[in-house]
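Sharing a structure below in structure tokens format, with a few things to ask.
Each chain gets a letter, A, B, C and D, in the order it is written, and its residues are counted from 1.
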Amino acid sequence: MKKWELKNQRDAFGEALVELGEQRSDIVVASADLSCSVKTGVFAEHFPERHFNFGIAEQNMISACAGFAAAGKTAFASTFAIFVTGRVYDQIRQSVAYPKLDVKIVATHAGITVGGDGATHQMIEDLALMRVLPNMTVIVPADAPETKRAVMAAAEFKGPVYIRLGRANIPVCTDIPECQDFEIGKASIMREGADITLVGTGIMVAKCLEAAEDLKKHKIDAKVINMSTIKPMDEKTLIKAARETGGMVTAEEHNVMVGMGSAVAMTLVENFHVPMKRVGIRDSFGESGTSDELMEKYGLTVDHIVDAAHDVMKRRGR
Amino acid sequence: MKIFPSLISKEYEVRVYSPLHIGAGIVVNSYPDEDIKMLEEMAGKVRRHIIEMIYGAGSGHPGGSLSATDVLVALYFMEMNHKADDPKWEDRDRFVLSKGHAAPTLYACLAESGYFPVDELKTIRKIGSRLQGHPDMRKTPGVEASTGSEGQGLSMGIGMALAAKLDRKKYRTYVMLGDGENNCGQIWEAAMSASQFKIDNLVAIIDRNKLQLDGPTEKIMSLEPLGDKWKAFGWNVIEIEGHNFREILAAFKKAKETKGHPSVIIANTIKGKGVSFMEGAVGFHGKSPSKDEYEKAMKELGGD
Amino acid sequence: MKKWELKNQRDAFGEALVELGEQRSDIVVASADLSCSVKTGVFAEHFPERHFNFGIAEQNMISACAGFAAAGKTAFASTFAIFVTGRVYDQIRQSVAYPKLDVKIVATHAGITVGGDGATHQMIEDLALMRVLPNMTVIVPADAPETKRAVMAAAEFKGPVYIRLGRANIPVCTDIPECQDFEIGKASIMREGADITLVGTGIMVAKCLEAAEDLKKHKIDAKVINMSTIKPMDEKTLIKAARETGGMVTAEEHNVMVGMGSAVAMTLVENFHVPMKRVGIRDSFGESGTSDELMEKYGLTVDHIVDAAHDVMKRRGR
Amino acid sequence: MKIFPSLISKEYEVRVYSPLHIGAGIVVNSYPDEDIKMLEEMAGKVRRHIIEMIYGAGSGHPGGSLSATDVLVALYFMEMNHKADDPKWEDRDRFVLSKGHAAPTLYACLAESGYFPVDELKTIRKIGSRLQGHPDMRKTPGVEASTGSEGQGLSMGIGMALAAKLDRKKYRTYVMLGDGENNCGQIWEAAMSASQFKIDNLVAIIDRNKLQLDGPTEKIMSLEPLGDKWKAFGWNVIEIEGHNFREILAAFKKAKETKGHPSVIIANTIKGKGVSFMEGAVGFHGKSPSKDEYEKAMKELGGD
């Protein structure tokens, strides 16, 4: 197995914020009593007058960012995924998404890899919440370098953006030419393959790449797609891959009920339907444990992807 | 835009209760009666527009629209700097109607100010109209914030007021809240933070009409002592009679003089103000008048 | 066209509450300053001591209902759909769904048929929010009589339930034997047919029935399913229908991005994939207008269902 | 369950500040020193458990767990009626740990009360454990509410307290809040409604340790005058030193005597209390100690 370099998405976010702060005086950043953990604190050190800590008051933070944006600022609001989505859904909807204001919501500590804090802190529904919101753009970077590119692209983009990051140090897998020009709404093909397509997002992209290596041993040639923008979804790339490979597996650190996989499923049934299987959390809350234990228990390992791929191949009679 | 510029530098007299101020209590000033009368006439016009709009649409919120009228007229025709022919003028004062269901009042003020033809008012709530059931900043010229889900406007105002400070701009931000809206936790999150950030270019106005949707505020979810609540959250509290232009204008002045703290104006009003059978009537919170009621209301408001 | 009898789902809800109140002393009801509109006021008249009006404080209402349930009550919390889902998502998640407490959330005024109040009051995302929540049961009754049956069934059921109702008077279409025994998780076949399946939910069920009549004129024999439970979804009935008819159209007054149709799509791709098409709101906010105007503008008429059916037939080469 | 039943009927003495009470100020009572000492010893034990749990798990929140210890010990070993061998006993007093990140304190009190083996404490935050990182009422015997997302526990307590009234039960409901948690709007929604509903069988305790996650509360989001806020929201406010058992117990008594209003106890505490280098240290809000720190902490707490 490839030895991955591990890096932290939050650090990349902090770095991007500081660069943005230097480039643009209209950038403001909002925190909710977690500025150290989510790395907005780094921005605060450089630009104290443009950083606002709203305390444990996420609703106020989001609507205030709408006010900033209405007054011409580009506002970044960041805290844990669990507190910056469901806790403030109505604020995002009414204050930000409906009037299409220039607010970037950066959620850290998404998913079960949060670990010890347990279910109450493990957000596995945010992609559903943000996807169903009209006018919202949803990005899940695959690693730290892509995080930085995504944050810069989001700042450039006019309108509401949601970016989902994890807590842990994760493999750097986007250090390839295909991923260098981050474009919102464009999936990148991380590996060509003819027999099946593995679509990963976030932390699962690296696992899809590993799964593809594993499948090679079984003479299955897997294409791997990094679906870094969940909305708008790159349907063209998806449909093309479905046509070329005839089967699909999706993998996400999210409730499969309504996540990236379900978006892919919809694209397929309405356009070019091929058998598919979704890897993800099967509609249950998480719990305390180490990242690795939880990924194993909740079905998010390389083996789970490989098994799903075999399953799809079998359904196709291969 | 000052519709009645003659008023600007005049003195007026009013009692203001402002706990954070030493020596607060009485502000002595006076406005010429004839200028106040002009504001009152505009208020009458706005009230007639409100009834016509809601009657025409067949739905809407007359009670809270009528109670908020005088404060909005004072803001749009006297207090705020704004330009109908340049709605995005950078230095304009901002107004956020947090109690978005009073949209008719806001639309009437904007139309009478010249943001769009008065004739367009009758399209409210109709399909394709720029005048949505609740304020939409993307559709209506002059609307500064999209509201309707109560509790969010004060936070938006905080963002605007902080942006003004960052940009070293002089504009002020006004936010109107419903009294029932004070139930919403987000209001208190906002209240706490405005004081923390010392946002003295922000004024909240509470339309204290003593009714919320299901009944009297003191019966449904008691707010008193309301002034004490805001004071304990670090605000400069000014309490006035909200249908008296002298008191309204005095309160704005008092707020402007207050440095280091945000100001809240508790405007004691009457829900349904101006239409006898709507005054204090919980049933007219969100109901359009019948034909008879419409005609009676218009007559009472001096319409023809 | 059949002349439908029109009835109001909210009235049926109020009626059910009073019956429940009479039958069971452990029923409590919570409102949020909309008790008249959502008909909890009817319960309040009969049982003032068991009705609690929390004012415009929906978050407090939901968590307080969790407290009621923890103390042995079955709590109904009801207000407009827009205020009882997104506004309180985190409270539903943490206080209710995670500990599986016996709280029934009844949302009225869902969808664009709200009319004049406009986008800020037209909740078209609630099914996504509630579906993605582990432990949540999601019901969308098709009319007033089914509303009453659903509310009674929800009270019987142990655990969190979300019930979605509309504002307007709507056609009574469940006055058929197939619908009399309401069972959570069981779809009802409203009309048999061999050529295509129309799956409707809520207000769209009657429209599917009308569409089926229309399709008959074109010699297309449509099966109609009332998907009154969105979660758990009756996959068995769905897969059977897919096998039997080979094509599917879903119809919902909801953002199609992540609604009932997307749940159906997932069931299909992972089990028995047939071409399908979703009728629903195509990822945009609503606006002010009359119900009918909005249903037309946002693609929710009988004609839209018929067109979608033709489309699916065409994709199957028929 | 009263672990130290000898204390129940004794008199004790303490200063209590209770604005809603006429003549409030001093309650004269006294507890025998030796009984207070037993509570203090239990607190020491609980603090050692906390440090061991968090060190063993490699993550957790020592600061707020240590500051909350004495109040929880007073509740579980003195104030509350509860039965470890019958966790669902209908008449038990309820405790909701709204600041769920202090779970270690709660778990230690429950284990020492006999709800589950003390030995199980070391499984906290481990996969498959009944002791989740934040309290889970479905997994842990004795845990009354699932918390972790701040701001929701007081509302839950309201539901419980109202249910007690409906059922004509005597049990009381206690809710512990963080001071930073007072930023959350939902707290103020709950505060307003508890007063509206006259829920006098409900006691909120604020762990006033003056720190939230990012720094001092007065720097991040200033809460003072905190007592005035609660008073303006209709609560009986009792302010005490939160590491003094006599004051804690007197406050509970005072609350019990207050009819018609909910009571809030502002317990002035020290974050990290008992471990010198954790006291007042924002860095130990949510960080597990290193091996050296662990050993030093255990020594200071009288561990071996």
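The rule is simple: contacts are C-beta pairs under 8 Å (C-beta built on N, C-alpha and C of every residue); 3 or more make two chains touch, one makes a residue touch a chain.
Small disclaimer: the values here were computed from a predicted structure and weren't measured.
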Chain labels contacting chain A and also chain D: B, C
Inter-centroid spacing, chain D versus chain B (mean Cα positions, whole Å): 43
Between chain B and chain C, centroid-to-centroid distance (C-alpha), Å: 38
Chain C and chain D: spacing of chain centres that average the CA atoms, whole Å: 42
Sequence positions of chain A contacting 2 or more other chains: 54-55, 57, 59-60, 82-83, 87, 90, 93-94, 98, 119-120
Numbers and ranges of chain B residues touching at least 2 other chains: 136, 146-149, 151, 183-186, 189, 192-193, 196, 221
Topology of the chain contact graph, where touching chains are joined (line, ring, star, complete, other): complete
Chain C - residues contacting chain D, complex: 28, 49-50, 52, 54-55, 57, 59-73, 75, 90-91, 93-95, 98-100
Parts of chain B lying in touch with chain C, wherever the complex brings them together: 57-60, 100, 124-129, 131-134, 136, 146-151, 180-181, 183-185, 212-214, 220-221
Residue ranges of chain B touching chain D (in the complex, touch as defined): 183-189, 192-193, 195-196, 221-223, 225, 228-229, 231-234
Chain A-facing residues of chain C, complex: 82-83, 85-87, 89-90, 93-94, 98, 119-120, 125, 128-129, 131-135, 231, 255, 257-259, 261-263, 265-266, 268-270, 273-278, 283-285
Residues on chain D engaged by chain C in the complex (per definition of touch): 90, 94, 96, 136-138, 144-149, 151-153, 155-164, 166-167, 185-186, 189-190, 192-193, 196-197
